[in-house]
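What follows are several structures.
Consider the two complexes below, in which chain A is the common component and chain B and chain C are the respective partners.
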Partner chain A sequence: MKRLRLSYERRRALTGFLFLLPFIIGALTFFLRPFIGTVVYSLSKIEYGDSGTTVDFLGFKNYTDAFVSNSEFLPAFLDSLGNVLYEVPFILVFSLALAVVLCGEFKGRTFFRAAFFLPLIISTGPAAAAAQGSASGLYSADNSIMMFEAVSIEPLLMSFGLGENFVSTIVGIINNIFNLTLKSGVQILIFIAGIKAIPTYLYEVTQIEGANRWETFWLVTFRMISPMLLINIVYTVIDSFSDVNNPAMKFINTMTQNLKIEIGSAAATVYFISILLLLLIVIGLWNRFLSDDAV
Partner chain B sequence: MLSKAILQNRITEKRGLKGAGRVIGSLFRLAVLISLSVVALFPVIYMFSVAFRPYEQMSDPTVVWIPKSLTLYNFKRLLEVFDYPTALLNTAKITLICTLLTMITCSAAGYGLARYRFKGQKLVLAVVILMIIVPPQNILISSFIDLKYFDFFGLGRIVGLFTGEPLTYSLIGKELSMYLPAALGSGIRSGLFILIFSRFYAGLPKELEDAAAIDGCNPLNTYIRVVLPSATSIFVVVFLLSFVWYWNDYYFTNTFMRDSMTLAGQLPALKSKIDVTIHNISSGAVINDDLVTTMTQAAYILMIAPPIALYVVLQRKFTESIERSGIVG
Partner chain C sequence: MHSRKKFKRQKGGAGFLFVLFVFGSFMTVPFLYAIMQSFKPIQEILIFPPRFYVSSPTLDNFRQLFRSVGGDWIPFGRYVVNSLFVTFTVTVGHIAVSLLAAFPLAKLKFKGSRAIFKLITYSLLFSGPVTAFPQYILMSKIGLIDTYFALILPFVATPMGAFLLKNFLVQIPDSMLEAARIDGASNYRTLFHIVTPNMKPAVLTLVILTFQSVWNGGGTSFVFTEKLKVLPTLLSQIVASGVARMGVGAASAVLMMILPLTVFLITQSQIIETMAFSGIKD
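Moving on, here comes the complex of A and B:
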């Protein structure tokens, strides 16, 4: 039997495809099929009758309902976008700074690394609601919430001649530091892995060249973790957008709970596709300008 | 080989920074870390403060954080109501199997995405990102129906063309409903892990793989023998994240497996269970909300202890990975 001959490029493409094959089968079965199911709902009218549920094709009426007739979704969508724009840079800077500090060799590092991993363990599990409930109870009991309030620095910042919007953003961030610390667990971990994977010889080079710590950070650490930075940007953007407290997600979930699954699905489809496009643009720009290796 | 910290210290010494400056620097670091970690530790401090105190002290206004005496009574009572060892073993089994399957598939997919070029690759990337974007609860109804009438990747329908009835198999209520998606890269947050692996592999130098290929190593062997050994640190991260997410999951386990005997699956219902049992056991006793509170916090401690222990052990691996990689220098 003659062996099948393929060109080098063909063979490479086939190999790459084989590495991805399990995932492609899984994504088709367990993700795309239900997702397309949801999109079909968004194009249909669902009736809950005595003889069971019927799904009738309707066209784009649910989309016009979600965007034109219903005046809530669009403002909620823009509101969510605003939240994301201010949250993402802060979380990224915060988690990178903490990761750099936590990567140092100092006494008690194991304890602190574990401490910043804790929010991840707690906030994703059933303990989250209870922990938050108990925390708020205790806060109001002995006023320790004042610890995290920054109202008093508002006049101080204003007296420096800073703009009102700028000041209120800063105050908002400080008041929010509890939530933002809770949201940075994954990013800190990913950054730590990135920093720890930097080859030591690069630091030896900067030492020989006489760079100071600041220069070393920008020339070596920051450059070398840029792949991790992109992952963290993508993750943080998605995490902020799909937060259940986000106005747009609230709208989608309320619609679904009120059995208006069609309108909820329509809003969700538009919402997710626009996040996808946003992220693809970010990744495209990143590969074009900041990186020589494409995804 | 010098460690990074020693090098950094040498760099500062060279710049002529005085010892006092360094002391102030590390004190400042300590202050920042302590104040931020208090925020992160707050719920845990609360858990410990409540779980080890006698329940009578819950309504004592002089006790806020530090109990006057410590007791294991809450844990003892909890274990009467709650079969912790069984739930622990079950959770560990499901979590470990799903995490290992997720790592194998996602790493391979990430490698394929990072190193090979083929038609439709951009589309695959878009699907990966869409998987991270779409929260599972938004497609849960459809996923449930698909798992209930699982048709073996469409093969069941082809059989149906001959027999008249499509061949389906209900995965609902079986552990396979967790394992199968995990094995095929559609488990909890698999999209994120594929993205992490693919960025990591894209950043590795290609030279070693090229050398292996020239020496006659086939792609699979190159991947296993050359690429994987240099990816320890990223595997540790993915293992930890996936472990925690599976450990904490009650959404999928409770939907797909019905009465799952996992820790996270049982905790939400535990409060009412404690309620019922306690008020039945101590007949005639007044309703004791304080005991319910202390026991619930004790349950949370038992739930989060294993992942924390795992993290403390595994975080050392971050530092080991560089020396093993063989790409250094």
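Moving on, here comes the complex of A and C:
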């Protein structure tokens, strides 16, 4: 039998492709196809008849329904975009600072790491609802206010003789910080993994050269974790956009639950294309100014 | 010679520690509150304004949890076994598939690998409840509805893992892989015996993330048969039954949280500085 002859390059490409195959099959089946489905439904009219469901091509009417005839979607959409713009930088700075601190050698760091991981467990799934004693909402972001009532911060502050407006502002800020920190769990872990992968000799060098902590951070830590920074930017943008609590997602979910799947799909498609554009801009800027081999 | 002496990082300043402490307490409060709630008798749960501490702790909620579930013919243990099985399979499968995908993307660059990676990045967007309806249709078309596969397969192929690992893998020096190749290691061997141990922090982080997200839910609308259901489904059924079962809900939430927390503590203690770069001059 004659052995198949392939050049080294070809063989490498073939191996690469074989390694990728399980993932590609999975991603195409479970992510790309449903997404295409969403786009198709957004352009169709779905009839639920006795003999089953029929899907007919309709054109862009669902889009005009979502944007023009419906007064709720556009404000929700803009609101969500605005949320992302202020949330993402905060989450990134916060999680990076925390990761740096949590990587340090100090007593109780395992406890603190666990403390920042707890919200991740609590904020996902039904545990959130149960933990906060709420029967209606499955997700925690809106319920955190209730939690602070539970520990009675508000009456406590008022008992110090502070004005009611002032107290509610403070509690509002605390809740916002709480919600943002809730969303930083994954990012902190990714940064910690990044920092832990930095070779220690780089730190030895900066120490020998007499750099202070601030300089060490910018010269070593920040540079070495820049790929993780990009991961976190992308992750945070996507997480923030697809958060079930943001107004646009709420709209999409309500539409789907009320079986107005076409309009929900149209809204989802527009919404997703806009995240895609935002990510393209971010990654484009990143590749232009910060790195040449990130994405 | 390269010194292997462990280098101790400087201690965090007092200011940092204070901020850490403040935020850390924010984070632990809901957890402690859930534990408190789970030990409260019903009268205490319903007090308004709610109290943080439990004054007369009881195990009623836990007892009721096992009893109420026991009446539905499916023992509580069955849900636990289902959850364990699904979570374990998904975590192992997801890590394997993601490692396999990340390796060629980072190290075996070939025609189209950049395009595939772009696709992965953007397919991060497709997850989530938006595609729920088409995904359901798809599942029923390929006959996965009401099987374990519906709870497992979509989560194995989540793009998150490949995306994360690829970005860590680029940092592994090429010279290390070349050394392995010269010594006659196959790509498979290089990946699992050389690359993976050297990016332990990333892999373990992915273990934590996958484990907790699968353990806490997902895919539950794809399964109807009671004996195939996982813990989160049971939990949401309990929670949905209203105020009277708030304590039971808290009890089950506490039970749910124990395992991910354990996994977290174990894996985090394993995340130490890797020696990926030591001894290699670039």
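A few points about this structure:
By definition in this document, the second predicted complex is superposed on the first by the 232 of 295 C-alpha atoms of A that agree within 3 Å, B and C clash if a C-alpha of one lies under 4 Å from a C-alpha of the other, contacts with A are read in each partner's own complex, and residues count from 1 in each chain.
Everything that follows uses one rule, which is that contacts are C-beta pairs under 8 Å (C-beta built on N, C-alpha and C of every residue); 3 or more make two chains touch, one makes a residue touch a chain.
Small disclaimer: the values here were computed from a predicted structure and weren't measured.
With both complexes brought onto chain A, simultaneous placement of chain B and chain C is prevented by a clash. When the shared chain is aligned, chain B and chain C each come close enough to touch A:200.
Within the superposed three-chain model, A:112 lies in touch with chain B and with chain C [touch as defined at top].
By the touch criterion stated above, A:22 is placed in contact with chain B and with chain C alike.
With both structures placed on the common chain, the touch criterion links A:208 to neither chain B nor chain C. Across the two superposed structures, the residue set of chain A contacted by chain B and also by chain C is 12-13, 15-17, 19-20, 22-27, 29-35, 37-38, 98, 101, 103-106, 110, 112-122, 124-127, 130-132, 135, 138, 177-178, 181, 186, 189-190, 192-193, 196-201, 203-204, 207, 213, 227-228, 230-231, 234-235, 238, 241-242, 249, 252-253, 256, 261, 265, 268, 272, 275-276, 279, 283, 293-295.
Interface of chain C with chain A (complex): residues 2-3, 6-12, 16-17, 20, 23-31, 33-34, 37, 45, 49-52, 97-98, 100-101, 103-105, 108, 110-111, 113, 116-135, 137-138, 142, 153-154, 156-157, 159-160, 162-164, 167-168, 170-171, 187, 191, 199, 201-202, 204-205, 208-209, 212-213, 216-217, 232, 235-236, 238-243, 246, 249-250, 252-253, 256-257, 260-261, 264-265, 268-269, 271-278. Taken together, the chain B residues at the contact with chain A in this complex read 1-5, 7-8, 10-12, 14-15, 26, 29-30, 32-33, 36-37, 39-44, 46-47, 50, 64, 105-106, 108-109, 111-119, 121, 124-135, 137-143, 145-146, 153, 180-181, 183-186, 190, 192, 194-196, 198-200, 202-203, 219, 223, 233-234, 236-237, 240-241, 244-245, 247-248, 250, 264, 267-268, 296-297, 300, 303-304, 307-308, 311-312, 315, 318-319, 321-322, 325, 327-329. Interface residues of chain A facing chain B in the complex, by the touch rule stated above, are 12-20, 22-35, 37-38, 98, 101, 103-106, 108, 110, 112-122, 124-127, 130-132, 134-135, 138, 141-142, 148, 177-178, 181-182, 186, 189-190, 192-193, 196-201, 203-204, 206-207, 210-213, 216, 227-228, 230-231, 234-235, 238, 241-242, 249, 252-253, 256, 261, 265, 268, 272, 275-276, 279-280, 283, 293-295. For chain A in complex with chain C, the residues that touch the partner chain are 9, 12-13, 15-17, 19-20, 22-27, 29-38, 41, 97-98, 101-106, 110, 112-122, 124-127, 129-133, 135, 138, 140, 144, 147, 149-152, 155, 174, 177-178, 181, 186, 189-190, 192-194, 196-201, 203-204, 207, 213, 227-228, 230-231, 234-235, 238, 241-242, 244, 249, 252-253, 256, 261, 264-265, 268, 271-272, 275-276, 279, 283, 293-295.
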